[in-house]
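In what comes next, subunit A is part of two complexes: it sits with subunit B in the first one and with subunit C in the second one.
Right after this comes the complex of A and B.
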């Protein structure tokens, strides 16, 4: 199909979608007049039922916990997919990749300015600490495992910016990351199974709820959030690891 | 029309992303267009749960019983963000493979792929 005909087809479709959508929207309640009831019910009950002050995370990790388990497996399979797609395929490439595993074989670009190095190294510790803080306080304030995990996973990237791939490689071990990712995902399901041992349905919040406002409160919400943080951090580090290795081995191939 | 305007913003963002995919000449551009398309769902979800004068549904510093916006759609949006990030990562890896196998980054030139 030529580009012109495709654009024409798109325009016809887009006008159709827009017409049906607008007709549907016309009778919606006006924006800003949320009528509930489910959001209001959960917002008023979550603090008393689950001792979690962040109701969004109470929903994510408890009321909708089963869905989040599925979401976590989406993340897990996507990371596995990235690793599978970016693996070295041919014998020759595998040989190069094994050479590539030896970080010294990478010729990194020239050192960056000292300002960048000092700044990123300074921010490194801060971002790890901030990631842990966000990840462990999800039940109290906005945050949680997904957000904290991504912040932690971004820290090694800073090290790559400040130093080189060798430094990145030194603090990240590929097999260890894989293990952490798998354990993080599996532990979520295991927490769900604990409830069965107590005779409650899967993923019921059976742990002691603690005092509202404490870091160690809200039972399984805080625990699952932390486990998700481990999985997300390891998963995103693996993805950045694979992409960096891909880019660097490509550069190396071009040089050879 | 004005009382519904975030819903129209969502439709606009959706169509912008779709237009990007249709007109794409580079696989990375296609993937980013898909990411733009998906952001429309954030606008739609948050607009549905919004309430004028409602606080954030975080009861760390407000007393329970205060009127808040809907926390359920916010939790759904969180799922949405995570799925988008993973889908983008996976699709970009596929783009790398497509370039490796076909030597092209134009979506139109991927016709060499047969089932």
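Right after this comes the complex of A and C.
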């Protein structure tokens, strides 16, 4: 197909898309209107039914908790997939068997400038604390386990940026993170199963709801949110760990 | 409010175009991080602070980082393969 014909084909398609798009948005509601009834209903019910002031988390971890369970296992299988793809190959396996898995066997880059070090070291503690805060207050304010977990997982990445892989490796244990990821994902399902023991459907909020506004309130919402935080933090750290280890050991291999 | 929203949406469209038109991968990933931050602002403006929080960490940090790590790994893989090829030819 010649250049001219291709352009013609594109123009015909673009005009068609533009026409359909314009027809589609012609009857759009005005800016900022909300017409769905469910949002208003759940926003007025969640505080009384679940003692959770953040409706979004009441939905994700309770009303639609089963969907979130599926989503969590999507992340779990994604992390498993990355680990499977980046598993050590034969040559690397042999090298690791002889040299051991100590970070000294990697060619590590030198630390960056002092400015970066000072800044990231300062932010390290803040990001761990902020992650824990966001993860444990999901039922009260915007946030929750997923957001908190990702913020916590960013802390070791900051340490890698400030120092090097050795520092990253020193504060993280690979088997421990694998265990935490698996436990976090499994505990979510177990919390759902607890409800069955009480004769209620899967993932029913059977724990005491507590006082609205307390950190330990809203029953399973806070518990599941914290468990998701553990799983997400461990999962993200694992992926970063695998990539860094793979890249650095390859650099080392090339030098040999 | 509406002007702010329209301006932000326009800015997102522009930065998406810039990402596509950037040639260097590293610059492209930095632009992608900026694009993720703009998205977080948009979620905040449209009253979804929960999504904004995850967008800041996932869209602006984790996604460009994953891309960066994956590309570094691919580069090494390609270099190793090229080396092996030249070795074979020498034999």
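Note that the second predicted complex is superposed on the first by the 216 of 256 C-alpha atoms of A that agree within 3 Å, B and C clash if a C-alpha of one lies under 4 Å from a C-alpha of the other, contacts with A are read in each partner's own complex, and residues count from 1 in each chain.
We take it that contacts are C-beta pairs under 8 Å (C-beta built on N, C-alpha and C of every residue); 3 or more make two chains touch, one makes a residue touch a chain.
Values in this document were obtained by computation on a predicted structure and should not be read as measured data.
More residues of subunit A lie in contact with B than with the other chain of the pair subunit B and subunit C. By the document's definition of touching, of the two partners only subunit C reaches A:157; subunit B does not. In the superposition on chain A, no contact is made by A:128 with either subunit B or subunit C. After overlaying the two complexes on the shared chain, residue contacts for A:53 are found with subunit B alone; subunit C is out of touch. Touch criterion met: A:42 reaches subunit B, while subunit C stays clear of it. Touch criterion met: A:32 reaches subunit B and subunit C at once.
In the superposed model, A:146 lies in contact with both subunit B and subunit C. By the document's definition of touching, of the two partners only subunit C reaches A:244; subunit B does not. Residue overlap on subunit A between the subunit B contacts of one complex and the subunit C contacts of the other covers 31-32, 54, 56-57, 86, 142, 146, 150, 239, 243, 246. If you check the complex, the residues on subunit C that touch subunit A are 1-2, 5, 48-50, 52-54, 57-58, 61-62, 65-66, 69-70, 72-73, 76-77, 79-80. Across the complex, subunit A meets subunit C through its residues 31-32, 54, 56-57, 86, 134, 142-144, 146-147, 150-151, 154, 157, 236, 239-240, 243-244, 246-247, 250-251, 254. On subunit A, the positions that touch subunit B within their shared complex are 3, 6-7, 10, 14, 17-18, 21-22, 25-26, 28, 30-34, 36, 38-40, 42-44, 46-48, 53-60, 64, 67-68, 71, 74-75, 78-79, 81-82, 85-86, 140-142, 146, 150, 213, 232, 239, 242-243, 246. Interface residues of subunit B, counted against subunit A in their complex, comprise 3-8, 11, 15, 18-19, 22-23, 47-52, 54, 56-60, 64-65, 67-75, 78-79, 81-83, 85-87, 89-90, 92-94, 96-97.
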